[in-house]
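Shown next, in structure tokens, is the structure this report addresses.
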Amino acid sequence: MNPTDLALQLWPAAASATAVETDWLILAFTVLTLLLTVPVFVAITWFAIRYRQGEEADRSHGNVRSVLIEISWMLIPFLLTLIFFVWGARLFFISKQVPGDAMVIEAIGRQWMWKFQHPTGQSEINDLHLPIGQPIKIRMISQDVIHNLYLPALRMQMATLPDRYTELWFKADRTGSYRLYCSEYCGTDHSKMDGNLTLMTQADYAAWLQNAGAQQGGQAGAGRVVYESYGCGACHDPGAKVRAPALAGLYGREVRLADGRTVTADETYLRDKILNPNRQKLAADYKQVMPAFRNVIPPDDLDRLVSYLKSTGATAQQEAKP
Amino acid sequence: MTSGTITDGPALREPHTPDSRLGHGADYLHAEHTLRSWFFTTDHKRIALLYLASITAFFVIGAVTAGLVRLALVVPDGQVFTNDTYNKLFTIHGVVMVWFFLIPSIPATFGNFLIPLMIGARDLAFPKLNLASWYVFMTGALFTLASVVLGGVDTGWTFYTPLSTAFSNTWVVPALIGVTIVGFSSILTGLNFVVTIHTMRAPGMTWFRLPIFVWTHYATSLIFLLATPVITVALILLIAERAFHIGVFDPAYGGDPVLFQHLFWFYSHPAVYIMVLPGMGVISEIVPAFAQKKLFGYKFVAYAAIGLASVTFFVWGHHMFVNGQSDFASVAFSVLSFAVAVPSAVKVYNWTATIHKGSLKLDTPMLYAMGYIGLFVLGGLTGLYLATLAINQHVHATYFVVAHFHYIMVGGTVLAFLGGLHFWWPKITGRMYIEAWGRISAFLIFIGFNVTFFPQFILGYLGMPRRYHVYPPEFQFLNILSSAGSTILAVGYLFPMVYLVYSIWFGKRAPANPWDAKGLEWTVPSPPPAHNFLTEPVAPKVPYDYPLQAQETGRQHS
Amino acid sequence: MSAGASDSAVGVKLVSHFATVEQQKRAAVLGMWAWLLTELLLFAGLFLTALILRLLHPEAVQEAARHLKFWIGAINTVVLIGSSLTMSGAIQLSRLGWQRGMVRFMLATAALGTLFLLLKGYEYYADYQEHMMPFLSDRPYELKDSPPSRLFVNLYYVATSLHGLHLMTGITILLVMTWQASRPGFLGQHQNRIEIFGLYWHFIDLIWILAFPTLYVLNR
Amino acid sequence: MFGTSDERRTLWRHMREPVLTAGALLVMLGINVGLGATLPVPHVWIVELLVAAVMVATILWFSMEVRHEPPLVKLFAGIGFFWVGILFTMTLVDYLSRG
């Protein structure tokens, strides 16, 4: 189904179970809204006709238990709407708990385009092809201002912030072509920062990966190039003149710090150390000599570099085992 | 009830002779005639008119830019303007409407004019400060207006960093300086109202004899005082950020752009209640007057105003559910936002109960009031949709949000403003407008508004993001519908501008109390004398002492 | 020589739109307190920013705070506490109607305020010498290896200059008022102006009492 | 400058409270400066914050004479701090719970 085929659409397509449940949520909420408002509208209209000045009508007033009335129309609607708070919060929490087997797509927002990178290394601009029936996590960051990745068919959006990773996940269950947008105003061509989200079967997706082949070689392979181009090896390679910590096998290991603490060299640690080595967490027995790469290395290069470092970690661990 | 003879003839040229019973003294419009007596006046009534003229001008500017935005959106491919022009247009619309129209609208005009009259005071506590606040307002507003029109600003009225600080190439700093200055005018107005309501009430005018209009303005003034300084400092930091790269909001140095959003919304969410509460005050005056019935649940409505003004400070994070705020904070802000429904519901149900078994006159102010109730209810409940986390994840920053806040701000504030304008027009000018025209324009505005903004709820749910100049073609039909509605709305707005101005010269003389309304402002001649009361005002024993009233039991009457 | 002996009548002249002097005085006091509310919230935004910076970048903020002139800040606090004392003195004497003594106390208050600003100016100068002005683009920054420290140092300038601006306004008003108050008959008509201004002055003091620990002490 | 002993007594009667207040403030400042200069224990900032809070309360209560004011002014003196509390608490709810 192509969204552009529709002249007038009144309800958006839903491509995941969460999206369908969100629709039920808003429909049910609308029913409650009507229950709460229609009586008011009808009453106002009816009173306006019935008690119009000059109309004969019974205007005598009996006693009214006003405190009881006031408290009931304060609390009953409030408690009823709270049901929807709970329901909405439940869905929200589901959307925050990423399953362990989720496929990770790296997304970068910049003025004014999206760049998506598949786990196998292929990347695409503005458009995104994804398989259904598989949890997908989009990890995203911005290179400049705040953007917001919005996937209406999945009823999902998340801001991309400069220098901080955010994520959203979903499990689509319907193939088709849908829209994706930037929904946080980001400057001149904000409204052109959109594209198509194509959801396909797993087989089609595999075929697409084969054929699309935008950038083969994978993240880690590309990361090796980054490693070379920034001259990291000059200090970090074994046998380098400057004594810097070896990086092979670093990922996932415990690192003893100068202040006595021990931290795990996870992804955040690697990123922090590259972007701003002085910030904290200086490794024990080393002097602080590394320059900061904040504002030097673009986020996509950083992603590749970290992938590379992770892969060298995995290799080293495999070698160490036998 | 009536005072003075009612004759037709030119109003502004001939002083109105007040009832001999009340002693002598020219009314405030004719007390002095020089230009100086207007621009250096310390009379709260004249200052209210200065504000009325200025905010009407700003409303026209905001409305014209809105019209241009709607014009651009008739076609999906953005052929009418360049993207930059479009972005500047909606920024002007937002900045002008929010800061130069909606925030001062009801408080600075009707609040200024009516609070001293309603509480039985000769003036506000600090008349010179009142005049100063108008000059501060005009300085800031014209400064900003010059920079958004001459240079253009393309950040949207929200000024989010780092777009506004590091990436926009437009005149952001002058616009920010102007908005900061206008903030001081809000603070001075709020300060004046708070002090006036506390210290200037006539003997016997206890808190529970005050009209709800005064209560809601008291609540509004508290928000002015407590929220405005925070946006002032946020804007100062933004200016320093842009001018000196101080970096606190700049991620390039480790600053946090989300912190700006916190400071911004700490003000800007309560600012919604700066716009809404005075409107509720106006409606609470109109409904009893046109039902000739005592306001139902007076104390609850009064406390609800204070309740709204307090609760609104705990909910700002619902603007940031998908902006990188922690999940825990989002849940906390979400549940607190639902609490806003309680005092809002109190207001709406009590107005409805007031109409029950009343004796209704469906004149223009009442038509606006009824329209207000309907639109405010829709706007308020769609606000609860937005406070629901899962729904927000879908409709955040879409046209659903645009529709929602226009239902609150146009359906709420503007309709209340127009209702109040018609209701107090005879008091302010001493002239009656032509009733038939008033009713026609009320209907036009109600219909035009709904045709304009209801399709935007659907557009938003379909997923059309806000601030989009170029949009997918499948949204064109609803956008055309919305733009068509806006032309009806525009005609509806033009009508009152014509017939109200016409009435100043050619309208029938207004009696002191044309609506048989209660309240001290209706006990003085129309227009009121320069010193408000010619005899010592006597506070009513009971507020809203209309002929019809429900026998409310279960609590003590004060 | 007796300054106090020249007692003058103490009172407040009624302005026409008030019913009583009592009402007029209450309005003035409440008005100043309402204004001070806004001042508090204004500075609270800056203190909150400082706290958030501390949470986000603890080490950098500590490092930056250690470069601030702790002792000048402390001496300045003493100066402001002293100025509060002289301001209280002026208020007390105004109630007694001791006009000349009051004027001297007011001058002393203005002098202490000015001393604060001079010390602050010297502090800025010392900061400049030590390359601690990261917002100057053409001057290298001392802690350039720690970008987040810039944020805190810059915030320090925003906060202290905003406070300095308030103090400067206060001194200007105080001097104008001293000039008016030195003329005969002032206390008979406008005694409450001294009290109202006193509230403002004490509040600037209060803000500094909060700013000093927030910027200089807590982050060490 | 105050000639007669009568006048000096009157003066002292009126100045006793401001002088004592200033003295108390200076002592508390001394404590904070001492703590800040020596940093005797970890988390000394808690103590410093408490001392600063007491200093603020002292200025409000004595220097600004809130204790002699009617309840309304007392409310106004306190309400601002309550609102500062809202601003800080709700913002920290976000920052302290970020993963």
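Letters A, B, C and D name the chains as they come in the text, with residue numbers starting at 1 for each one.
In this section, contacts are C-beta pairs under 8 Å (C-beta built on N, C-alpha and C of every residue); 3 or more make two chains touch, one makes a residue touch a chain.
As the structure is a prediction and not an experimental result, all values here were calculated from the model.
Participant: What are the two chains with the top count of C-beta contact pairs?
Facilitator: The chain pair sharing the largest number of C-beta contacts is A-B.
Participant: Can you check how far apart chain A and chain B are, centre to centre, with Cα atoms defining each centre and the answer in Å?
Facilitator: Taking the average C-alpha coordinate of chain A and of chain B, the gap between them is 37 Å.
Participant: Distance-wise, how many Å sit between the C-alpha centres of chain A and chain D, to the nearest whole number?
Facilitator: 46
Participant: Averaged over CA atoms, how far is the centre of chain C from the centre of chain D? Could you give it in whole Å?
Facilitator: 14
Participant: Which parts of chain B, given as residue numbers and ranges, touch two or more other chains?
Facilitator: Only 198, 226, 230, 254, 258-259, 327 qualify.
Participant: Enumerate the residues of chain A that touch no fewer than two other chains.
Facilitator: If we look for residues of chain A contacting two or more partner chains, we find 276, 294.
Participant: Where in chain D do residues touch two or more other chains at once?
Facilitator: As it turns out, chain D has residues touching two or more other chains at 72, 79-80, 83, 87, 91, 95.
Participant: Determine which chains touch and list them pairwise.
Facilitator: Contacting pairs: A-B, A-C, B-C, B-D, C-D.
Participant: So in the complex, the part of chain D that touches chain C is made up of which residues?
Facilitator: Residue list for chain D touching chain C: 1-4, 7, 10-11, 14-15, 17-19, 21-22, 25-26, 29, 32-33, 35-37, 39, 45, 48-49, 51-52, 55-56, 59-60, 63-64, 69, 72-73, 76-77, 79-81, 83-84, 87-88, 91-92, 95-96.
Participant: Applying the document's contact rule, which stretches of chain B touch chain C when the two form their complex?
Facilitator: 121-123, 125-127, 187, 190-192, 194-196, 198-200, 225-230, 232-234, 236-237, 240, 244-248, 253-256, 259, 263
Participant: Can you tell me which positions in chain C touch chain B when the two form their complex?
Facilitator: Per the stated touch rule, the residues are 16-18, 23, 26-27, 30-31, 34-35, 37-46, 48-49, 52-53, 56-57, 60, 134-135, 137, 147-148, 150-151, 154-155, 157-158, 162.
Participant: Using the touch definition from the top, list the residues of chain D that touch chain B in their complex.
Facilitator: Going by the criterion above, the answer is residues 72, 79-80, 83, 86-87, 90-91, 93-95, 97-99.
Participant: Can you list the residues on chain A that touch chain B in the complex?
Facilitator: Counting only chain A, the residues touching chain B are 3-12, 18-19, 21-22, 25-26, 29, 33, 36-37, 40-41, 43-44, 47-48, 51-53, 57-70, 73-75, 77-78, 81-82, 84-85, 87-93, 95-96, 111, 144-146, 148, 150, 152-153, 155-159, 161-164, 166, 179, 181-192, 194, 276, 294-295.
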